[in-house]
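Once you scroll down, you'll see the structures, which are given as structure tokens.
Each of the next two complexes has subunit A plus one other chain: subunit B in the first, subunit C in the second.
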Partner chain A sequence: MNFFPNYYSIEDIFVTQEKVECKVNTKLQRMGFLDAGAEGDDLEPGRSINLPLWYIKELKVNNAYFTVSVPDIYKNVHKAVCEAETTHIELGRLHPYFYEFGRYLTPYDRNHVIGRIIFETMRQRVRHLLDISKNDGQMAKSELRLDNIETKLHEAGVRTNTQYINWLQMTGNKILISELVEEHQKKRKRDRSDDEGDSLPSSKRVTL
Partner chain B sequence: MDPAIIEFIGEKCMISIIPNFSNEPLHLIYGSVGPFRAGFPVFVPLWMATHLRKQQKCRIVPPEWMDMDILEEIKEEEKRSKFFTKMPSEHYMVVAQLVMSTAPDDVPRCEELRTVIKDIFDIRESKLRTSIDAFIKGEGTYAKLDNLTLLEIHSVRPILPYSLDHIARYQRTATASQRDTSMLSASMAGSSTGPGSNSLFSQ
Partner chain C sequence: MSRENKLFGDKAFELLKDLERSSQTIPAFDDDGVRQVLEEIKAIFEENVAQASSYNSSGDRSLWPLLNYRHAALQRNKRCLLAYLYERSKRIKALRWEFGPIIPGDIKQALCEPEVQFFNNYSKSLAAYMCIAGCSQGQGIDLTNNLRPPKSLYIEVRCMEDYGKFELDDGELIHLKKNSQHYLPRAQVESLVRQGILQHIA
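What follows is the complex of A and B.
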């Protein structure tokens, strides 16, 4: 729920797997294999190649080899943020890790727009998140609209709401069977029915 | 925090009951309760009241504020005011919920009261949402929310603190990038102007 990326967090790994388009600035000897369309062994300046974020982010921002070009989603969105309601953007469709990906790319954006976009977008959308967590029936519809972080926040909100509703209806007082025990019971039942299924033909065989 | 925990905390409220039995005072960890004399009202904690009521050993005297006129007034006040008004009890929802579910017969016009209290809670909740929205979009660094009860705070937790965490992180990133690039452009201004520096100065 509360997301602070570290080296081992799976979300962070997912985000840093993303490919980023980079322009090659200097001739890189024997690096041609990085570019599928390259003719020679060397990587020529001026070509653009896709490199994973985890590689790029270890290089200096103003390194001599690559210039990172900012993905389009952060350019188009900027306009949308200024002109329209942010709550109507389908963030999940743009990028499943919209915020985190943007956060990593912030230093590479020379107009420093990205930082502001992700900050403003999140700020505008929190109210919307609070509202939609009040009714949990729309989850299927909103799946594409939310970014990964927002989905987690939404889940947290829905959970709070369900707890509250349960309390209000006094249904939370019952002690429920733990999930593990329930699974075990189901499994036992299944096994038993399987046994019966097995034993039936064998008994037939005997009678035959 | 669970609503159940909030209920547990709220159950420490004192409430008046009329027992139909007589007994010595009970000595509990946090103080003594009683003595009980049949027919005479006595103040006990809410948890004990509901427990005794379930065993048909007492009648609960609803608190003073559990009255149609008073609650209607509170509701109107809540609608009028921009801020949160002071509630008659810090755990009004818990008290109402427990008293009305265990002893609906002891409260006159129980169903109507239930609706009004729920209305008040809903008004306050939507007000809370609106002020959160104003706070996040505004420039303020802190918000002061007086007279908010535990259950109302619960309704925006943990989603609100988590969202604020994220917002703060992105704000830090945004300002940090702004600072870095301005430092970069300052250092580059002295040296030769590279091909990328145009966009830096345009900011």
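What follows is the complex of A and C.
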């Protein structure tokens, strides 16, 4: 979760890898490789191509080469926002990085609605998010319901809730096995049973 | 320019995707992937240099967007590579705190030589810091101990695997055999619990 993503932020790299549809405005020499359907070496004006966000980001908003067209998903959400029914939207299906992607697209939106849309969507959904977090993570874990930020918020909510309950019941005093070690042990066990499944004497077996 | 390298930057992104997919512990260092990305960067750079010099002599701006695009791709590759290394070093640091000063063999195999070096140096710095941190008491403080406030001096533990002999501070020798139960000083066995050799039962 990163509102001011740093250079090393993997999430931000994931977001900027997304493709945006652009219209070509001028003839661009030898850039035909960007267009899968192009015949010649050059990029012809009037064609629509998908460009990665990391390139668009480097250009000026009103550059002479490309016009960015805003994806439909934000237009579709608009109606739901107006009717205050965003909790039913399967945001993760629309786009795994709905909010962060939207943030990058706001400058290209000539109607200036995206910013409002993502803000309103979050505002309407965050209450619902709180409710399902209290529900001990048992809500039919449909991954498509939530976008990346919401999933993280949900995880944090569930974790905080468990910690709070543990504290109330005074069960949090035990020393626990470290999470990394536990995961590693599980993986080793899996590998071991795989090895036995192969019935080959494996030299890979690791001793501590 | 060949058509198959398409948009650039895909290989570098692949590296990060594989790293993300592998949850917490560390996947093997992708030597091959890193080399391919470096080669791509080099190729882009050389093409750009060639073009930039021809631009300088002719002043023809028509290839400017292409130059621009390739430069962005180069920067992108660099960012992906650095993020890949940085994320791995973050996980290696976590290893020191969770597993203690010795990395299990199978994890060590996943690291490349400089990363093992990095782990050793980090471990050394941490040890040095822990020595200084407890200086006023005349001895070092183990910061990986007492992560939660202790409620009792002794705890009851069950042994999860055959560990062998374990010597307490007062010289007493204990045989840690699988499924045996012991009542031991908390401070001295905490790290064994964290490493999954003992289980805290009461």
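The rule is short, and it goes like this: the second predicted complex is superposed on the first by the 167 of 208 C-alpha atoms of A that agree within 3 Å, B and C clash if a C-alpha of one lies under 4 Å from a C-alpha of the other, contacts with A are read in each partner's own complex, and residues count from 1 in each chain.
What we mean here is this: a residue touches a chain if its C-beta (ideal position, glycine included) is under 8 Å from a C-beta of that chain, and two chains touch if they have at least 3 such contacts.
The structure presented is a predicted model; accordingly, all values stated were derived computationally and were not measured.
In the superposed model, A:L180 makes contact with subunit C only, not with subunit B.
Residue contacts after overlaying the shared chain place A:L153 against subunit B, while subunit C stays out of touching range. By the document's definition of touching, of the two partners only subunit C reaches A:W54; subunit B does not.
By the touch criterion stated above, A:Y65 is placed in contact with subunit C alone, subunit B being left untouched. Touched by subunit B in one complex and by subunit C in the other are residues 172 of subunit A.
Residues of subunit B that touch subunit A in their complex: 2-4, 7, 97, 101, 129, 132-133, 136-137, 151, 154-160, 162-163, 165-167, 169-171, 173-178, 180-181, 184, 196, 199-200, 202-203.
Subunit A meets subunit C in the complex at residues 7-10, 13-14, 16-17, 28-31, 33-34, 51-52, 54-55, 58-59, 65, 172-185, 187-188, 206-208. Residue ranges of subunit C in contact with subunit A, taken from their complex: 1, 3, 5-7, 9, 13, 16, 19-20, 23-25, 62-63, 65-66, 68-69, 72-73, 75-76, 79-80, 82-83, 86-87, 94-95, 98-99, 104-107, 147-148, 151, 155, 186, 190, 193-196, 199-200. Those residues of subunit A that touch subunit B in the complex are listed here as 1-4, 61-62, 67, 99, 103, 106-107, 109-112, 114-116, 118-119, 122-124, 126-127, 129-131, 133, 149, 152-154, 156-157, 160-161, 163-164, 166-168, 170, 172.
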